[in-house]
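In this document, chain identifiers A, B and C correspond to the written order of the chains, with residue numbering beginning at 1 in each.
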């Protein structure tokens, strides 16, 4: 088992390094950090341009720049931002903000996917199956920004009106200058979390639910389920201990591997609700051509994806003894 | 629906006088509604099982033999429609709720399935799965259950049972896995063990071992066994009685000697003739049955075997023969002409021509113009011209 | 998936339906022949089995899926509307109709007008034209590239497989939206920028397809008929194209439809963020971005573009589902 983990780690490390290089090349090729300076009217003095050039190491060849940046990252220094922001600490703060939404949305989506998928499978071709399936397809086809905007404009306002006070917030991730300890601030966070989480979870659960349904159908038709029933086990025990246990295994991989798409969805959702999280950071840094900030974002995203892939492999090995010794 | 044979009732009168009947199947029918129509998978199976008896159920794929057993334990899908009666020790099983059947399954009636590679749950150790079976029906501590598990594994011939109980199914070979499944079936000392094609998915060399293990299981538990297979050789070594099924119905039932040496239904005769035998002289060729089993959706009237039967007559296409006694009360066959078969003491070569090719027409060695009464015990090497064209 | 070219009527009854030799006339059936006792010929006792090609069977199964067929019809209509509708509609997306601002839907303006005086229907047509063009191109390109790479990786295995799959891992590491954002900010508002968006999307979306095709080929190549073909002297190319690819085709086609839906949703999201198709051209995402503030007061600005996206993606998804069932019906059969 340990050797399995070791091997997976060994494969991931070079991927991370090569990713970092590709990311660097991508940003270098696609962006021009000096564009806003050059294009101004009245023209900006040459000295200002050169100062920024030196700041961003743009006067060095690409490989040197890359190495400089990479070694910086390892030490925790993400490099200077054009806007003067401390990339590192800003990133850390925003990761927490986005993190709570993504985590909550994933948990919700997984639970919902399992419940709807399993019920759909067990009651195949029933009214409930068709309802769940149709709902799933609907959310699968729905643009998350549209749904989020819908929730924002209608659900929030109606609910707040009927309750007489603002319970569900539509702007931002928390009210600025919030005081009190963590638990006192929690309802505020929760109120801001509700809509974005629902939006993100809604578009995410749909494909997982379909997947879970077909995985469950496969398992339910298998021989070992029949044997379990023939052993005289209760229906519930067969369903939970035998069917569900085995049917959940492929889902873990799917969920972990979809993290890239979920992050993408989070970016969009945050934009709708004007959150000060990773989404805003990406849009800002890309629009500003703030290379180091963009690089930092991409790097963190890459690490998260690779980590989650590793986690998926690990979970799979834990859950399915057949591959532990592969 | 063919009328219920009066003879069968006579049989029941005789048999109920003997030892208590474990399993009493009466006119069991199973229908599956599908998009293309209703599939009549089982069309009236009746048999009785006494304690310690081994009943072999023989038939081709699609004859309904597996469905019969699944019906007994209520393991068919919800869409299946069951009819008739299945009594275990006098209690009716058909139509019972899942909750009630739970108590019977695995405890009083156990089942062994065909494919050992997929019968066991891959994510639990085999020891865990046996313990689960034990604790489902008895109040035992985990420790005692574990001890019993090791005992069982030893009984079925798993080497180093204590260690290997913690292993997962994929760490065993097919034969070993089937032994585990047998151990599972034995675990609660059932009264009946239904073995549904236990050796079909295994190598021939392993087959013998599994049958030995099955015999051992029977010795240990004193259970009656229903052995379902398409392999007559497997049945010959173990069964006391044999039931031959075709197109969802029994066509012959009797003691193993009766059925093997005095078959009274052309299908049985054909089956026996298709069996390669080590003790056959090299003068004899196999006499296969031409054609394929019929569709169970649109069964035409009359005997379902008639398209392939070399003895068919007009009556065979009009009326499906009922099971009737032939020689002796314990031996029944469903054929209009079992009498003449008895009279001639027919063997496969008499009815089915020896041929090396599958042909469209059944080859009958029958004088033109005569009925089955004209069946001549022919020279075994008769080779009608038509049959040998590929 | 049937591995042979010809298949038979799929009666679920366990008929050993191998034709026992073609009777004259070419229609295999169990010809029962004559009554040897010399009477009238016996009628046929079993229904005859008609031979159908695999393509026919898939077709028939798809047609029996009413939802999928309905979706196909709607999708084709939407396609026509999107691609050529703009040319026939009396307004163009760029037209500013003086005096007609913020009008609710009417006969002249079936989807109303926006605050400047654009006809929303014209805008929606233009936007969906862009989205559909991009989606179709992306699906085509990424499917072709993904299939080739996946097939090579799955068939040759070993080092080739490893290298290719690590490459795929790399491509899949960073979220799609992020890469598109980085590249998109650079792209100016030229008229050809939809092509660039399409190319970039295709350049990333081939990766998941290649994984799926690789998995398929890995399992398919183990089938006995591959060994048989090799024993008969078939070279790699022939095996891949004549044997493996046709059997993988079902999954590939289904995935192609999924990509269409994904592409539409991604492109509209990108435009919503301001990083995709830019003004003065329009996209459904852009329209929603403009219209969301007015969702309460002028709902037609918000709903119509959104519903269009949903409709296109939904019909594509249903078609894909219908295709999936048509190619592999085992999941829909009642379990016996």
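As a convention for this text, contacts are C-beta pairs under 8 Å (C-beta built on N, C-alpha and C of every residue); 3 or more make two chains touch, one makes a residue touch a chain.
Note that the structure is a prediction, hence the values are computed from the model and not measured.
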Busiest interface, counted in C-beta pairs: A-C
Distance-to-centre winner among chains (Cα means, whole assembly as reference): C
Whole-Å gap separating chain A and chain C, where each centre is the average of the chain's CA atoms: 26
Mean-CA-position distance for chain B and chain A (Å): 57
For chain B paired with chain C, centre-to-centre distance based on mean C-alpha positions, whole Å: 48
Residue list for chain B, restricted to those that touch at least two other chains: none
Residues of chain C engaged with two or more neighbouring chains: 335
Of chain A, residues touching chain B in the complex: 222-224, 226-235, 237, 242, 245-246, 249, 319-322
Touch list for chain A against partner chain C, complex: 11, 14-15, 18-19, 22-23, 26-27, 30-32, 137-138, 140-146, 149-150, 152-154, 157, 214, 217, 220-221, 260-261, 263-264, 267-268, 271-272, 282-283, 286-287, 289, 294, 297-298, 301-302, 305-306, 309
Residues of chain C that touch chain A when the two form their complex: 166, 169-170, 172-179, 181-186, 261, 265, 268-269, 272-275, 285, 288-289, 292, 295-296, 302, 306, 309-310, 313-314, 316-318, 321, 331, 335
Footprint of chain A on chain B - complex, ascending: 73, 75, 98-99, 102-107, 110-111, 113, 115, 118-123, 132-133, 136-137, 168, 170, 181, 184
